[in-house]
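Next come two complexes, and both contain chain A; in the first it sits with chain B, in the second with chain C.
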Partner chain A sequence: MSATIARPGSLHRQRQWTLWGSYTALSFFVVVFLVPPFYMLMTSLKSSAEISAEAGNPWYPHSPTLANYMTLLGSDSFMRYFFNSVWVTAVVVVVSMVISILSAFALSRMGFKGAQVLSTGVFLTYLIPPSLLFIPLFQIVGWLGLINSTWVLVLLFPTLAVPFATWIMIGYFSSIPKELDEAALIDGASYMQILVQIFIPVALPGIIAATIFAFTISWGAFLYPLAYLYSADQVTLTVGIVRDLIRGDVFAWGMIMAACVIGAAPPIIIYTFLMDYYVAGLTAGSTKG
Partner chain B sequence: MAQVSIRKVVKAYEGNVQAVKGIDLEIADEEFVVLVGPSGCGKSTTLRMIAGLEEITSGDIAIGGEVVNDVPPRDRDIAMVFQNYALYPHMSVFDNMAFGLKLRKFPKEEIKKRVDDAAKMLDIAMLLDRKPKALSGGQRQRVAMGRAIVRNPKVFLFDEPLSNLDAKLRVQMRTEIKKVHQLVPTTTVYVTHDQIEAMTLADRVVVMNHGIIEQVGAPQELYHNPATRFVAGFIGSPAMNFLTVKLVSDNGLYVELADGTRLAVNPARIDRYKPHAGKTMTLGLRPEHLTETHTNEKPGTAYLDATVDVTEPMGMETMVHFFIKGEPVCARVDPLTVAIPGQILRLAADMSNMHLIDNDTNKVV
Partner chain C sequence: MADGNSIGYGETALVSTPRPRVGSMRRFARRRSLFAILLCSPLIALVVGLQFYPAGYAFYLSMLNRKMTGFVLFDNFTFLMGQDSFQLVVFQSCLFAVSAVVFKALLGFILAHLMHNIRGQNQRIWRGLLLIPWVIPLALSTLTWWWLFDPAYSALNWTLKWFGLPSIPFLGTVWNARISVIVVNVWFGAPFFMIMYLAALKSVPEQLYEAAAIDGAGAVQRLFFITLPMMRNIILITVLYSLIVTFADFDIVRILTNGGPQDGTHLFATYAFQVGIQSGNIPRGAAVSLFMFPILAALAFFVLRDVIKRNKEITA
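Moving on to the complex of A and B:
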C-alpha cells in the first residue's frame, strides 16, 4: 500500500522520458535527412557565380534566381530524359501491379498445392541485391538485343518490383476475411470478378503502397540505366543529369541541384498525397484480424 | 421443390482425419432443419459441403433431386448467411443486397424491387445508402439476410448467424429469422452450437457429435425422448443430471443411487427396463423433474433427501445444486421453497420422466 503511494505518477514520468527520447532521436533523423534536400533546393536557386564565390552564408541564396530551372526546362535533352523516366516508370508500375495483384490473389486465395512454397520463393528473390545481377543480366539483355533501349528497363524493373509488391499484396489480401470471397462465390461471382469487384476496392491501401514501391524502384534507379543505356535519346533522368551536367571535372552545381529538385518532385508529390494509404498498406495484417 | 439429400457423405482432410463420417439426412422442401452440436462435430463442414465451399470426399449431396457434388456454389441456387456477416465493406447496403442479382444480370427495375421488398421485410429500408461500417451488429446481420432473401434461392444456409450478437439481440434476431421463414418458406439448413436456438427455430433438429448424426427429430421429441447419452446431455438447459445407479429387482424394480437411496421405477416402464436388472447404469433426470415435494404427488414420484450445496435464485425458479456421492445434481424448485446451503431438502423425483442409459452403448434404453 505504502509503496503505491510513494511513487505517484511514476508511469506519467516514465512516459515523459520515453517521449523525450523519441523526440530527440526523431529530431536527429529529421536533421540528417532534411539538410541535404534543403541545401539542394537552396543551391538550385543560386547563380554559378554565387556558388563559386564561396563568400557569405551558404545556407540561403543572396540573389535568388530561377535561371537554372529555366535553362533545364528549355533544354531538349533534359526534357527527353525526364519523359523517358516518366514513360518507363508508368509502364513498369502498370506491369508490376498487374502481375503482383494477380499473383498475390492466386497465392493467397486460390489454395493450390505449393502456394506457400511459391510465395516464400517469390519473396526470397527480393533478397538478392540488384547490383549482383546486372553483369549476368547484361549478357541476357545483349542476347535479347535490348542494350541501349528503354525497353530493357521495362523488362528488368518489374523483376525487382514484383516480389516485394506481391509480398505486400499477399499480406493485405490475407487480412480480408475468407467469408467475403465465399459470399461472393455463392452470389455468383467468378474468381476474376471477386478480384476486380471485391478484393481490389477493399485492398486499395495495399495496392497504393505497392504502387508507390514500384514507382520508387523505377524512378530512382541509377545502376541499371547507367549500365544498359548510353545514347541521349534513351537515357533516363538519373543518368542524364550525370551525363550532361558533369563534364570531366566541371560540375554545373546549380543546374545539377535544380535537376535533382525537378527529379525529386514527382515522388514527393505522390508520397505527400498518399502517405496515409502507404502506411496503412504496409502495416496491414499486423492489426487486422 | 428443393429437398436436400445427404447420402453417405464423408469429409476427410489430409492425414485421413474424418470431420464427417458418412452421414445420411433427408431435408424436405420448405423444412427448417438445424444442425447442432459442440465445436468440431462436423456441422459447419456439412453446411459448407451443401454450399459447395468444401469438396465431398465421398457420398452424394442432391439439391432438388439433382446431385450437386461437382456443381460450383454459384450454380447451386443457394444463399448463405455467415457468422461474421461477410458484407462487402466498400459497397452500400443496397449494393450488397443487389450484388448477386447484378452478377446474374437481372434488369435494374427488378433488382430495385427485390431489394426494396426485402429491405422492408427486414426493416432496413432506411439504411440502404449506408456502408456496413455505419451499421450495428444486428443491422449488419439483417443486411446479410437480405442479401440471401433477394436471390430467392432454393435453399437458405445459415452458419451460426447469431453468434456475434449480444444475448438480447440474439433472442430478437432469432424471432426475426423464424418470421422470415414463415413469410418466405424456403428449405433452410441452420448451423448453431446453441441448443436453445436449435429448439426454438427448428422443424427438425439434427444433433451431431464427432462427425456422426446422433439423432434427428422434432425439438420436443429430442427433449423428451433422447436416443443417446450425448443428446440427453446436450439438449436442455440446465443440462440433464446423470447419476450412476444400479437397477435392482426386489419386489418391484428400483434404481439404487450411489448413497443407497432407492427410487421406484414407474410401473409403466418395468417391462422396458427389466432385462437390464442387476446392471450398473446411468439414470438421466432433468432438473425440472427433480422438484420440491407437494402434498398430492402424481403417481410415479420417488423421494430423496439432498444436502444443499449452492442455490441459484433465478426469479421464476431456483436452482438447487447438491451432490450424491460426489456426482453433481441440479434440481429446479419453486422460488418460495426454503433451501439453505448445508441443510437437508426433501426432493420429489418424477420417475415417469426418467431415462436409463446403458453404460456400454451410451444409448437410452
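Moving on to the complex of A and C:
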C-alpha cells in the first residue's frame, strides 16, 4: 500500500500498522466464512446418538468417530452417486475441452466470416442461466428418451461448461504471438499441427483453468440432475445427498455432513493445487482496460 | 489478455507471404474458412441445438394450455400476473438479487483491499482460505447452512444463547427466511467478487498512488479518484454478471426453504420448478421462467457491449 508523505520512520510504522490491521480484519472474515465448512466437518465426526442427544456445545464432536464415513463407503447407493458423478464429470470435461479448444483455435486464428458473431454468441450463451431453459429442455430430453438417464447430463453439462471454457481459450490463444504460427505455416505446417504442437503447449495454463471450470460446473450442478433424474441408480452426488435427506424420515445429519465432506473434497483438493491457474483464467480478459 | 498486436490473422498472412497466383490464394482462404467452420461445428451444434432452440421453444411452450393441446396465447402470463403468490415471487427475486449483489460487491471490495495489503506467498494462503466457500458445491454447503439454521438443534442459536441472547427462528418467519437465503448467497458469492477486484487492484499502476501521495491526496481521495475509476470496468462487469446469476439462482432457495414459509422466498427458478416440473404444468412453468427473460436480456446487453469490443480486437 502506498502511504502519505512523511519522514521515513513514520512511513515504515504506518505500513506496519496497515499490515497488522489487514491481518486482523482478514482473520475475522476467514473465521466467519469458514464456519459452515468447519461445522460440516465437525458434524460428520459425530455419532447419531450424540447429535440426537442435543446436549452440550455443538461446535465440536465430544466423542469423535469415523463411523459415518465407514457407513457411507459401505453403502451401495452412496457409492453409486459418487461413481455417477465421477464418470459424468470425466466425460463432460473431456468433451467440453475438445469442443472449446477446437473452436477457440478457429475463432482466434483462422479469421473467417461470422467469427465475430459466433464468439459473441458464445459469450451470450454463457450468460444464459440453466434455470431459464430447464423446462423446454425437459420436453426436448423427453423426445430424446433421456429422462431418468445419467446420459442426459453428459448431453447438457457441456452447454454450461463450453461457452466459458471457449472464452478463456480464445483469450489465451490470442495472446500467442502471430509470428509463431505464421512461421510454422510458411514452413508448411498444417493447422492441426500448429494447434497440437504450438498452441496447446503454450496455452497450457489456460487449458488447466478451463478444465477446472468444466470440472466445477459438472461436479456441483444441481438443477439439471434434480429435474431430469429420479431413480437412485441414476442421480449424481449433489442430488443423491439432498434427496436422501428430503425423503428420509430420520434426519441423519452426521451421515449427511460426512457425505457433503466427501463431495466437497475433490474440488477443494483440486483448487489447493491449481488455484493460481484458475484465478488467472477467471480474471484474464476482464482486467484489461 | 488481448494484446496490442491482435490484427486479423487471415489478412496479415495473405499480405506477408508473397505469392504470385491470386486464384490459389483465394482457394486457400476458402479452404481455410471451411476448415474453421468444421472445427467450430460442435460448438455451433451445442449452442444452437441446446441453447437457442430451447430458448425459442420456451416461448412457444408458454403459449400452450396445460395439456399442451391448444394455443392460449398470453393466458399463462396474464394468469400469473394476477396471482398474489406470483407477485411475491417477482418481489422476492428482485429483493434477493439486488441486495445479495450489493452486499457481495461491498464485501468483495473490502476483502480485496485487505488482501491487497498482504503480499507474496501469504496472500496466496489467505486468498485460498477465503475461496473455500466458493469452491464447495453450492448444494452441499447450503445443506450445511440448513443444518446450522436447524430449529431444533441450531448451532447458531446455541451460540446466541451462550452469549445470553434470545434464539432466532432463522427459517421460521418470512422475513427471517428471506434474510437467511440472502446471507447464504452473499457467503457463497463474495469470494468471487474478491478475486475479481483483487485482480483489478493489482492492475492499477502503483505510480498513480505515488503521484497522488506527493500531491497530498488522502485515502478517501485516492479511493474516489484513482481506485474506483481504474476499477470501473471490472466492477460493472462483475456486478452485471452476478446480477444475472443471482437473479436466476435456484440451489439455495430450493434446499434451504423450498419457497416457504408461505411462499415468501420463492425465486423465479424455484417457482418455475414447482409449477413446471413438480405440478407438471409445463407451459405455465415455462412462462414463469420467461418472466426472467427481459431482465436478463437487458443485463446481458450491457455486458455484451463490452465484450463485442474485445471480440473485434481479437477476431477482426
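We adopt the following convention: the second predicted complex is superposed on the first by the 245 of 289 C-alpha atoms of A that agree within 3 Å, B and C clash if a C-alpha of one lies under 4 Å from a C-alpha of the other, contacts with A are read in each partner's own complex, and residues count from 1 in each chain.
To be clear about the criterion, a contact is a pair of C-beta atoms (placed from the backbone, for glycine too) under 8 Å apart; a residue touches a chain by one contact, two chains touch by 3 or more.
Just so we're clear, the structure is a prediction, and the values are computed from it rather than from any experiment.
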{"item": "First (chain B), second (chain C), both or neither touched by A:138", "value": "second"}
{"item": "First, second, both or neither for A:234, with chain B first and chain C second", "value": "neither"}
{"item": "Which superposed partner A:202 touches (first chain B, second chain C, both, neither)", "value": "first"}
{"item": "Superposed model, chain A: greater residue contact from chain B or chain C", "value": "C"}
{"item": "Which of chain B and chain C A:177 touches, first, second, both or neither", "value": "both"}
{"item": "First (chain B), second (chain C), both or neither touched by A:89", "value": "neither"}
{"item": "Touching partner for A:150 - first (chain B), second (chain C), both, neither", "value": "neither"}
{"item": "Partner chain(s) touched by A:124 [first = chain B, second = chain C, both, neither]", "value": "second"}
{"item": "Touched partner set for A:188, first chain B, second chain C, both or neither", "value": "first"}
{"item": "Where chain A meets both chain C and chain B, residue numbers", "value": "177, 182, 185-186"}
{"item": "Touch list for chain A against partner chain C, complex", "value": "1-5, 18-19, 21-23, 25-26, 29-30, 33-37, 39-40, 43, 51, 54, 57-59, 98-100, 102-103, 105-116, 118-125, 127-140, 155-156, 158-159, 162-163, 166, 170-171, 174-175, 177-178, 181-182, 185-186, 191, 216, 219-220, 222-223, 226-227, 237-239, 241-242, 245, 253, 256-257, 260, 263-264, 267-268, 271-272, 275-276, 279, 282-289"}
{"item": "Residues of chain B touching chain A in the complex", "value": "51-53, 72-74, 78-80, 82-84, 86-90, 99-100, 103-104, 147, 151"}
{"item": "Of all residues in chain A, those that touch chain B in their complex", "value": "177, 179-180, 182-189, 193, 197-198, 201-202"}
{"item": "Contact set on chain C toward chain A in their complex", "value": "1-3, 5-13, 16-17, 32-33, 35-37, 39-40, 42-44, 46-47, 50-55, 57-58, 61, 110-111, 114-118, 124, 126-133, 135-141, 143-145, 147-148, 150, 152-153, 155, 158-159, 187, 190-191, 195-196, 199-200, 202-203, 206, 209-210, 212-214, 216, 218, 222, 233-234, 237-238, 241, 244-245, 247-251, 254-255, 268-269, 272-273, 276-277, 282, 285-286, 289-290, 292-293, 296, 299-300, 303-304, 307-308, 310-312, 314-316"}
